[in-house]
Structures are given as structure tokens and as C-alpha cells.
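Got a structure for you, questions after.
Every chain is named by a letter (A, B, C, D, E and F) in the order it is written, and numbering of its residues begins at 1.
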Amino acid sequence: MNDQRPAPGNANDLLRLLSRAERLEALPRTGWQICGVERPESIAAHVHGVMLVALWLADHHPEPTPDAERVMRIALVHDLSEAMLTDLPRPVKQLLGKEAVDRAEEQAADHILATLPSWRDAYREYREGKTLEARIVKVADRIQMLAKALEYRQQKRGDISRFFDDDETFDDRGVEPARAIFDALRTCYREGRWFDFHFD
Amino acid sequence: MNDQRPAPGNANDLLRLLSRAERLEALPRTGWQICGVERPESIAAHVHGVMLVALWLADHHPEPTPDAERVMRIALVHDLSEAMLTDLPRPVKQLLGKEAVDRAEEQAADHILATLPSWRDAYREYREGKTLEARIVKVADRIQMLAKALEYRQQKRGDISRFFDDDETFDDRGVEPARAIFDALRTCYREGRWFDFHFD
Amino acid sequence: MNDQRPAPGNANDLLRLLSRAERLEALPRTGWQICGVERPESIAAHVHGVMLVALWLADHHPEPTPDAERVMRIALVHDLSEAMLTDLPRPVKQLLGKEAVDRAEEQAADHILATLPSWRDAYREYREGKTLEARIVKVADRIQMLAKALEYRQQKRGDISRFFDDDETFDDRGVEPARAIFDALRTCYREGRWFDFHFD
Amino acid sequence: MNDQRPAPGNANDLLRLLSRAERLEALPRTGWQICGVERPESIAAHVHGVMLVALWLADHHPEPTPDAERVMRIALVHDLSEAMLTDLPRPVKQLLGKEAVDRAEEQAADHILATLPSWRDAYREYREGKTLEARIVKVADRIQMLAKALEYRQQKRGDISRFFDDDETFDDRGVEPARAIFDALRTCYREGRWFDFHFD
Amino acid sequence: MNDQRPAPGNANDLLRLLSRAERLEALPRTGWQICGVERPESIAAHVHGVMLVALWLADHHPEPTPDAERVMRIALVHDLSEAMLTDLPRPVKQLLGKEAVDRAEEQAADHILATLPSWRDAYREYREGKTLEARIVKVADRIQMLAKALEYRQQKRGDISRFFDDDETFDDRGVEPARAIFDALRTCYREGRWFDFHFD
Amino acid sequence: MNDQRPAPGNANDLLRLLSRAERLEALPRTGWQICGVERPESIAAHVHGVMLVALWLADHHPEPTPDAERVMRIALVHDLSEAMLTDLPRPVKQLLGKEAVDRAEEQAADHILATLPSWRDAYREYREGKTLEARIVKVADRIQMLAKALEYRQQKRGDISRFFDDDETFDDRGVEPARAIFDALRTCYREGRWFDFHFD
């Protein structure tokens, strides 16, 4: 039996969690706005994309086989602090200082996940970024971002070149299948291509 | 070793999957629009919410313990056909006939998940709705919808009473922790309450 | 005396018709959205443009002189089924199959025009597409679409090249004044021109 | 042979007309904005609704039978000057003075319809408002507006009471079937009803 | 003691002024819309920018030193008539005639500023455009517009070339520091540059 | 001669200032979004309103007569740091801690106003809030906010009751004419009134 076995009446715990997490639907990913993309994806939609990438990476990873359940748990909660803190633009974070931002993110996650200690652990695992599962999610976070950038470029919504200028973005963190994907994304970028955003 | 172990060059398989799935970010949940909600949540944001609920239900389910990985796999793909078919409004589906819609959904899922047979199986398991894991996702799909309806009511966006009129919505499909949640949702509805949509 | 002579109390028939038809104002032409045009014209605005083109074609058609009243009646109702069915994107129609879509369109028109048999006849005449008047409206539907595509291109809203790739679009269906118009549209397309979208 | 029979090369006349008239799609009906309705119907969508009402009135008018073609011609052009002048809000018109506004509207219509004298006549007939056909369109213009007001009220978009306060709005101008419709609209207003804006 | 010393109870004068002036927040600068810019700056935001430029010009003007308070008073009220008249697009003004528009603007300002005679004087001073302070605001109005045009061009929102075609725009009206600014703006235009609209 | 007398070539200083300050046009006042107001006023529009109120207060203040120029200088720059930091929602500020936020605001203002030391002083004077002129702007900031809240309530956009719950908001800071205005605002709130948001 795990710690979260419901005591009578904790239905409200789920509803409160949900009412907070649902804010992610209305909160924009601000990095896109800075590039001039109007009405960009929400944080919730970003998490959805990250989960698809992360599960694909887990399913295609050679030995040692990652724990796909753990990968999905981590991906699902990895941006949950933003339900309280919003997606602070990078220059805003720089002004505020890494320390203040980190502490605020931790506090937000603690508050939102107060009744769910094992979910809280998954959030912490992501931030530490050491386990294979956490690294897969971190890489998936970048891949989703780069794919979205190429999509916005094709739709002529904003200038996304900066996302491909920073080599650190393409760090595969030892996640093998990510290498080929980063290469494919860079090739799309160089050749001005992306998958047709028309329907099939 | 599983079936999806990458052959060289299949990075494009992921990017193509992603470029299709990312449409879910731009596609609105049309049920809300019919109720008068402007710019409602996207399908991607809905899936994000369903995953949170589904994992919570799995973590709080008494014996037999559900397979949480399976639950998340099913939740992640359960609306993927809508990336091609869009979220057809219920009255449109009625005009088109259940048979035509079902066939189109199957074809869309087959097309999108052509290179991922095990994901395709999770989609099929959801539609059959027999396993505990599939039933958890189906119930989570309803719970996310009802919570969203209460949120929109509190924000005075549209008239959502119809969602609480249909008893079938509240079928717990044998998922035990869902009963208390449905009760809590109905109580919120009756008493005109919801969690403050202001930030904490 | 015609069939629609009002019996006392049928004012509600008009209001119900209107309340349905007015949905066309809020429903987007989805073909533009697929090309990346945000907030494109509504179906109602499209019908408005088609009526202008159709009447112009009727007024400029050599012998035999078309029945301009008939042309306008047909144009006015030609997309009315979409008030119930919405403007299903072409790929969605392909997934659903022509048969299912055709049947649903007929049912929608029957339902909306139940109290107006002569309007229902005009809708049917459009779909059969045989009379000169129906052919004029069909050609006007294409001309309005191509002109709109050129306008969106000039406004740098989306990629509309596909609309000029399909030769079938330019079928004049024997409507003589349409030939010169299609030529003019193709010339505009080739030369990257359109009328200044600034005010005069 | 009528005056508009095309000389070679006048395809551009239609395209220029269309490029101007299409502005009506992007121009909002400002009366709604003043009432607090965000993103209200466009002028083009308004004209579309007026045409439906006008044709219905013509089809349901007792002896003498109106000329339905004439009714539709008048309805189609009745707001065309707004493609150049925009829909000036009533208080703006009052500040500018009726004379200046009338003169500007005439000039705009002359300019837009320079190559279409018979369309220009229909516009003038509307403004004079004497013939049965012109009166039908004037009454249809009011009916469409009142129905839209009730629709916006039901959708909780803005405060539309002022539209029902002005008795002059309900002048039937001798168009018999309009009386019952005005009564029905007033009844809906008093009883707080409108047709369900949900889909059928 | 000046004329506006409050009599008891005139708090409502401020609130009424404010409730009118706040409309400027919701009213778009229509010149941008004509160029294809969606959701452009409001009139209020424009005034905000003009004030920054005007104060900068005043602070950097050589002898004779302008009255900075007067400059700010003039800038603050210079577009206040638009709270009633809206920002009529230039082609609309041309159709209406300069005389009718001027008279309407005067009346609107008189109405809004009825209780504030000294503010009314500042408005009149702007329109006469003779004093150094009024000329500074007129030049600031152009500079803000040109800078905004360059910003929209960089964001790929609309075609703003026309704003740089009209030599009259660049009339410095004897305001010395404006010359170098106009030169800098023209250089940015020619070289396709603007300040990065990304955050610092 | 003051410190800002332009050296040749500092036109770019103005343009850079402007390019940063113009971000305030696109940045929403987040307090309204938290209350459910969609597309609320921008920071630039807020500043515009604050300037109107501040100047009115200065013009109506009994002895000692405030320095109106100083009041307007302070009002114009009082939120300029938000051009870099954005309008952080109050709960976000609480998570980050007052110290981190204050420091970041100071740094942002220093950066934006690096070439304008006297403007920088006005910003600092506002934050210290001791002089009569700074207190007038602080009170104007509250009055504009409360008036906007009443306007949004009347437009049925969001729930603004919280703004009237906090007594601290109504601190007049010794600015005499503010007392009657706060009373008038509270009366409007209690009685459910506001000035008609329709045009005059």
C-alpha cells in the first residue's frame, strides 16, 4: 500500500490539484512571445508534447532500458511549479537571480504537491537531473522546443533563430536516441524545412 | 528488446509524429465553444489534465493495483486521432453517424501511429474500455471535463449546465476512487462553488 | 400565391432559421486555418462574397441571360448546411468518406430549411450543379476563394499556394465571363500582385 | 443587352470591386462594440443575415408581391459604402453631422460602384427608402439587428437593452409580415428568451 | 489659486473624465490596421509613447529651453477628442472632408474637457501648433509613429513602407533635436534594421 | 544647461529607450488576468490613465501647490522597470520575495534609464514615496486601478471585488483631493454603478 491511499474526503485534494494545474492551460510559454509569436502554445500543451517525446525516447532507448513509468511521472510534473510562478521569461529570471528563482520554484512545487509526496519526489528528481529517466525528460523538453520552433518558423510566426544558436540546447545528456533527433532538427533548420503543417 | 528499437534514420518518425500531435495544441475542444466559451482549452491541454487525473486515480486505487505506466500510455494517446479528425462537435457526429465517425477515428489513429504498434494497442485498449487501466482513463476524461466546466462557470464563460444533466457522465465504471470525486464535483455544481481561480 | 405564404404565428420560423444561420458568422472557413491564417473569414462572410461575384457574373453573362434572382437564391443557401455541420476541413471529409458527408449535408439542409421548401430546392439545385444558375454559383464560389487567397498572401497571412495548384479549381463550367476572371487571378498569382489592401 | 456587358479586360473591375467589398469581412459592426461585445459580427456577416431576412419577408409578403430579385440586389449593396467609410458609431456620426456623413456615404458608393450603374441605382433606392423592396430591406436590417442583440444577450456578451428601448426601431414601414416578427422579438426580449445557441 | 480648485463634490468630474479617457485603451490606432497589423497599439499606448519622446525632446532642446510641464500637458491631451470620435482612418477623414472632421474634433474636446478650461487650452495650443511646446509634441507624434512602424516591420506585422514615403512626415518644425532622430529613423528604415524586439 | 543636453549621435539613445518602453504596450496588467479579464489594459495604457489622474490631482490640490511637472515626470517613469521585468503577478512576487523583486526592479530601471540620470531620479523618488509629488502619483495609481475595476465590472469582465476589500488601497497618503475620489469610488462599488461605458 502506498502513501497516497485515499482517506475519506480527499477527493478535494485532487480537485484542488487540478484547479491549480489547469492554470497551465491559460499560461503561455513566454519564450515564444519574446520571439514575436502571438498566442503561442500553453505550458500544458508543452508538457503534452514533452510527454510524447519522452515516452518515445524511453521506448527507443537501448540497454539499460529506462523505467517508462518513471519517465512519464517526471515529465508530467516537471513544469508544475509554473502553475503558481508562471513561465518567467529568461531575461526576467536573469534579473531576479538564479537563487531567488530556484527557491520560488521549489516552494511552488512543495505547495502544489503537498498531499502527493511521491509526485514531489519526481519533481525533485527532474531538477537534480541525474537519473537516466530525468535526463530523458530534460532532453525531451529541448526536442519539443526545437520542433515547435521549426513549426512556428514554417508558419511565419516570429523569428526563432536564437533557439538554434545555443549549442548547450543540443546536449544529449547521454540519451542515445536523442543524438539522431538533434541532427535531424538541425538539418531541418539549415535547410529551411519542416513537416507540412497542413493536414495530411 | 521491444519492437520500436530504432533503426538508423527513424528520427524522422518521431518528428513526423510530433508535427502531427502538435496540432492538438491549436485545435480547440469544441464542446466548450458550443457552450459559448471563447478560446477554450486545446485538445492538448485536455489530455494534460486527463493524465493528471488518471495518474492520481491509479495512485489512489485500492487492490488490485492498476498498472500506472499502462494508464499513462493509454491517456497519452487516447485523443490522438483528433490530430487528423479534429474534435468533431457532438451534433456533427450525430449527423455523420456513429459508424462513419468510428471508422474515421480508427483510420486516423492507424495512420498517425503506423510506426508505433504498441502505442496503437494502447489506443485500441482505450476504445474497447474493458481493462481497469482503460476504465480509469475513461473516468479521468469525464472528471477533467467536469472540473473544467466548473472552472468556466466560475469565470462566467459560457453556460455549462448541460454537462451536469447527463447521468451517464457520472458512471464510475467500477473505478473506486472516482465515486467520491464525482460526488464532490456534483456538490460544487449544486452549491455554485469552485476553487478560487485567482492565484493562491 | 406561393407555398411560404405565412400562416399566423410563423414568425418563429424566421427567428429559428435566423438563429441557426447566424452561426455561420462565428464559424471559420477551415481551409484557411489549415494554411496558417489566424482568424480567417467566417462562412457568412464567404457567402457574402460569393453573392457579389455570382450577381456580377449573372449581370455580365451573354445570351442566354441567367435568372439573376435564381442565382442569388442559390448563392444565399449554398452553404447553409454548414450551420449544423460546420466547415469540415477537406482531410476530415476524406477520412469520413464522401458518402457519409453528403448524407449529413443533405440532412442538415433538410432540417434547417424544413419550413421553406422552395429554398430547399435551391440548395438541391446547387448540389446537382446542372443549371446555368447553379454553375454560376459554383464558379463564383471558386473565384471568391481565389481572390481571398491572394488577399491573404498580400497580408502575409499563411501560405496559399496550394489553391492555385489544382487545375480543377479553374474549371469555368461553361460560364463565359469566368474565363477572363480566372486568367486575371492566375496572372495576379504569378506576378505576386493583388489590389492594395490599404484603403483607397 | 444591359450596360454592364463586359468589354474585354474588365475582369479587373470585378476583382477591384471584390477587393474593396471584402474589407467588410474585417470591419466590425461598431454598435456591438459600444455595448461591450468583443469581436462582434463583421459588416459582411450582417449583410448575409439581412439578405436571409429580406428574402424571407419577400417570400411571405401578401399582395402586392414584391420583386424578390430587386430585394436581394438592394440588400446586397445596402452597406457597401462602409467598405470605404467603415461602420461609423452612431455618436461619431452625431458629432460629424448628418449632412457630412450622408455626403461621404454617397461618394463612397459612387466610387465603389463606378462601373456598375445598375447596382448604384439599387443603393440609391435603399437610401430613398420609398419602394416596397427598399422598405423590406430596411425592416430586414432592423430584424437582423434585434435578433443578433438577443443572441448576444443569451451569450452574456455585452448589454443590449438600448436596442429595444427605441420605438422607432420597430417601425414596420408597411411591410406586413414584419409586424408579427417584431412582436415575437419583443416577446423574447421581455421574457429573457432566445433560441438555444447550442447546436441542435 | 487656479480655476480648477475643486468645489465639494467634483470627484465625479474626474471619474467621468477618466471613464471617457479610458476608452482610448480599447480604441486601436487605425492607421496600423489599414497596413495589416492585427491588434495594433491602442490610442492610449500611443499617447504614452508620444509623452516619452516629447519629454526627451524637451530635455534635450538647446536654448530657448522649452517649458517641459507645458509639453507634457499638451502631449497628454492631444488625442483626447478621439475618446469620442475614435481614430478615424485617413481615407475616412478625406471622404468626410477636413472641415467636418475639424469641427467634430473641437466639439469632442470641448465636451470631454468642459470642467477643465486650462486643459482645453492645451488641446487648442496643440491644434494651432505655433508654440515651441506644441511643435515638440507634433514632432514627437511623428517620431513615435515611425519608431512603431519599424517595430512592426521587424515583427513582420503588416507593410509599413508608406509611412516613410511621405516627406512631410519628416518636417522637424524647427525642433532641433528632432533632425538627428529623423535621420536615425530613416537610416534604420533603409538598412532594414531596428532594435531587437527580444528582451534585453 | 542640463545633463541630458545631446551630444551628436545620441539619437539612438532615444530610439533604444523607446524600443524598450514600447514593450509596455504589449505587456498586460496581470492583476486583471488573475481576475479573469481577457485581454486587459496594457501597462502603457495604465500609465496613460495614471498621468491623467495625477495631473488632475495636482491641479486640484490646495496649498502647498504641487509641482505639476514633477508629478508628470514621476508618473511617466513609475512603471518603466516593467518593460524588462514584466508586470509580475502579486502571488509570483510573494513567492520570489520582496527583496529579490525590489533589487530586480532597481536594476531594470538603472538599465533602461542609464543615459537619463534625471529620469532615474524621478523613478527613485516614486519608490521612496515621500515627496508630495510622489505621493500624488502613488494615489493616482490606485485611483486608476479602482476606476478600471469598476469599468470591468460593468462590462461583466471578471470578478474585481478583491480590489475593494483591501483598506490599504484607500490610503490617501495625505493627498487631500483623493479623499473625495476614494469615497466616490467606494460609493460606485457599493451601489453597483459606473459611468455608462457606451459612448456619450
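Of note:
Criterion: a residue touches a chain if its C-beta (ideal position, glycine included) is under 8 Å from a C-beta of that chain, and two chains touch if they have at least 3 such contacts.
Chain by chain, the UniProt names read as follows: A, B, C, D, E, F = 5'-deoxynucleotidase.
Quick caveat: nothing in here was measured; it's all calculated off a predicted structure.
Counting the residue numbers that touch the partner chain, subunit C (5'-deoxynucleotidase) and subunit E (5'-deoxynucleotidase) have less than half of them in common.
Computed from the mean C-alpha positions, the centre of subunit B (5'-deoxynucleotidase) lies at a distance of 35 Å from the centre of subunit C (5'-deoxynucleotidase). For the pair subunit A (5'-deoxynucleotidase) and subunit E (5'-deoxynucleotidase), the distance between mean C-alpha positions equals 43 Å.
Mean C-alpha positions place subunit C (5'-deoxynucleotidase) and subunit F (5'-deoxynucleotidase) at a centre distance of 50 Å.
Taken residue by residue, subunit D (5'-deoxynucleotidase) touches two or more other chains at 38, 84, 89, 91-92, 156, 197, 199-200, whereas all remaining positions touch fewer.
Inter-chain contacts, as defined above, occur between A-B, A-C, A-E, A-F, B-C, B-D, B-F, C-D, C-E, D-E, D-F, E-F. Residues 34-36, 38, 89-92, 156, 158-159, 162 of subunit F (5'-deoxynucleotidase) are the ones that touch subunit B (5'-deoxynucleotidase) when the two sit in their complex.
Partner subunit C (5'-deoxynucleotidase) is touched in their complex by these residues of subunit D (5'-deoxynucleotidase): 2, 4-6, 8-12, 14-25, 41-42, 44-45, 47-49, 51-53, 55-56, 59-60, 62, 68-69, 72-73, 76, 84, 111, 116, 118, 143-144, 147-148, 151, 177, 180-181, 183-185, 188, 194-195, 197, 199-200.
Of all residues in subunit D (5'-deoxynucleotidase), only 84-86, 88-89, 91-92, 95-97, 100-101, 103-104, 107-108 touch subunit E (5'-deoxynucleotidase) in the complex they form.
Of all residues in subunit E (5'-deoxynucleotidase), only 38-39, 155-156, 197-200 touch subunit A (5'-deoxynucleotidase) in the complex they form.
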